[in-house]
Amino acid sequence: MTKLVYFAWVRERIGKSEENVSLPAGIETLADLLSWLRGRGEEYESALLRPEVIRVAIDKEHVGHGDAIGGAREIALFPPMTGG
Amino acid sequence: MTKLVYFAWVRERIGKSEENVSLPAGIETLADLLSWLRGRGEEYESALLRPEVIRVAIDKEHVGHGDAIGGAREIALFPPMTGG
Amino acid sequence: MTAAPVPVIRIQAEDFDVAAEIARLTEGNADVGAVVTFTGLCRDEGGRLAALELEHYPGMAEAEICRIAAEAMRRWPLLGLTAIHRHGMIPPGDDIVLVVAASTHRQAAFEAASFLMDFLKSRAPFWKKEHRADGFEGSWVDAREADDQAALRWRRR
Amino acid sequence: MTAAPVPVIRIQAEDFDVAAEIARLTEGNADVGAVVTFTGLCRDEGGRLAALELEHYPGMAEAEICRIAAEAMRRWPLLGLTAIHRHGMIPPGDDIVLVVAASTHRQAAFEAASFLMDFLKSRAPFWKKEHRADGFEGSWVDAREADDQAALRWRRR
């Protein structure tokens, strides 16, 4: 099981702040994950409509969409950051 | 009469913080003034030994050595500034 | 005189005290000749906003600011570095973020504080949601292109 | 919202209160989103110094800092600008100078504060004399070439 966590409008559109999922075989990169998630329902489709604006972190470190998921325990999806 | 004021090591070497002088005819620029002052005694010679490092202000505004004294009421001579 | 200082990083709901944070970096260290602070405050956008709600990613927010601070410590000869970021509901006029950088000469303190803010803006996992004064549903603040550009300028070195 | 702010310039023997000076620029003005402060402190130069004595040219010190502050107000969209410079005998660890710049976004506040310090260093009529911890006669601090260079970089714009 992999823990997925969502923030800001990604969280609002998906309708939950976290969930545990079993990733099917073949999901190797974060781009694969985003594409698979979009097929899980309207709420995911709406949150991930423009995957290019979605930022991803694995185990609390920024990663790129092309990076491998590897042994990730926690994957976070969120919009561009607006702190400071 | 023109008021001359001195600061920092210029003041220490000349041995006073201010004085009133009658400028002789022919003293038109600040370079003329510095040169004339150097002839007034050892203490002035020691303070103004390297005229190129002396900064000058007329009526509380920075001016260059080539500038005219004009109707200056107060002329200040001092070393490069080290505030802040 | 002193060992390499450890940056102070705090993520908190409460406000901070700028004077106390300056004192923490200067007291007992007479090598400090320059302290630069940056305080970011909630604007009311011409009366439009009732508050900003700041969401963050607990754990990653601290970790990411620690990484940025460590990079600043490597780039500049700093004698102290502090970053405090608030979360939760923040009304106009209230503080959001504080950065304090201390060094012997001013250039390092100015540059490090500016660097920390540029990277904090574009990399620290915080998101602002507007709460409108007129009661209508507010929206999430969009990331500013200017903030990404500001972070990029540090790559030129 | 507000008329163009008038810079606050003070030359004084007493210490200043950074928090109070920040509050003066932010309170009641919810357009302010960024405040940068610079505090310059007296270093002890590895224990060598007992104090710095700051001499100034009364009247010209205020006038010159006013001129520099007015130039900063022309160059950046500032919502507030304060400069306070102390004179007299200042022991290590004590404050010497404070600059506070307030603006809507951070870049203007950072740049204006840095600009003000660069020009204050090279143009404001203050001179530092060292008082040594070992009791020997101290000397006048030499102007730093780096400070003149720092002021020159603003000409490139």
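Per-chain numbering from 1; labels A, B, C and D assigned in written order.
Going forward, a contact is a pair of C-beta atoms (placed from the backbone, for glycine too) under 8 Å apart; a residue touches a chain by one contact, two chains touch by 3 or more.
Source: prediction; values computed, not measured.
Participant: What are the mutual neighbours of subunit B and subunit C in this structure?
Facilitator: Chains in contact with subunit B as well as subunit C: D.
Participant: Could you put a whole-Å number on the gap between the CA centroids of subunit A and subunit C?
Facilitator: Their C-alpha centroids are separated by 26 Å.
Participant: Find the geometric centre of each of subunit C and subunit D from their Cα atoms only, then give the gap between the two centres in Å, rounded to an integer.
Facilitator: 22
Participant: For subunit A versus subunit D, what separation do you get between their C-alpha means, in angstrom?
Facilitator: Whole-Å distance between the two chain centres: 48.
Participant: Name the residues of subunit D that each touch 2 or more other chains.
Facilitator: 40, 117
Participant: Every touching chain pair, please?
Facilitator: Applying the touch rule to all chain pairs gives A-C, B-D, C-D.
Participant: What residues of subunit A sit close enough to touch subunit C in their complex?
Facilitator: On the subunit A side, the touching residues are 5, 7-9, 57, 60-62, 76, 78-84.
Participant: Under the touch definition given earlier, write down the residues of subunit C that touch subunit D in their complex.
Facilitator: 1, 17-19, 22, 26-27, 30-44, 46-47, 92-93, 104-107, 109-110, 113-114, 117, 146, 150
Participant: Which residues of subunit D touch subunit B in their complex?
Facilitator: Touch residues, subunit D against subunit B: 40, 54-57, 59-61, 63-64, 85, 96-97, 117, 120-129, 140-144, 147.
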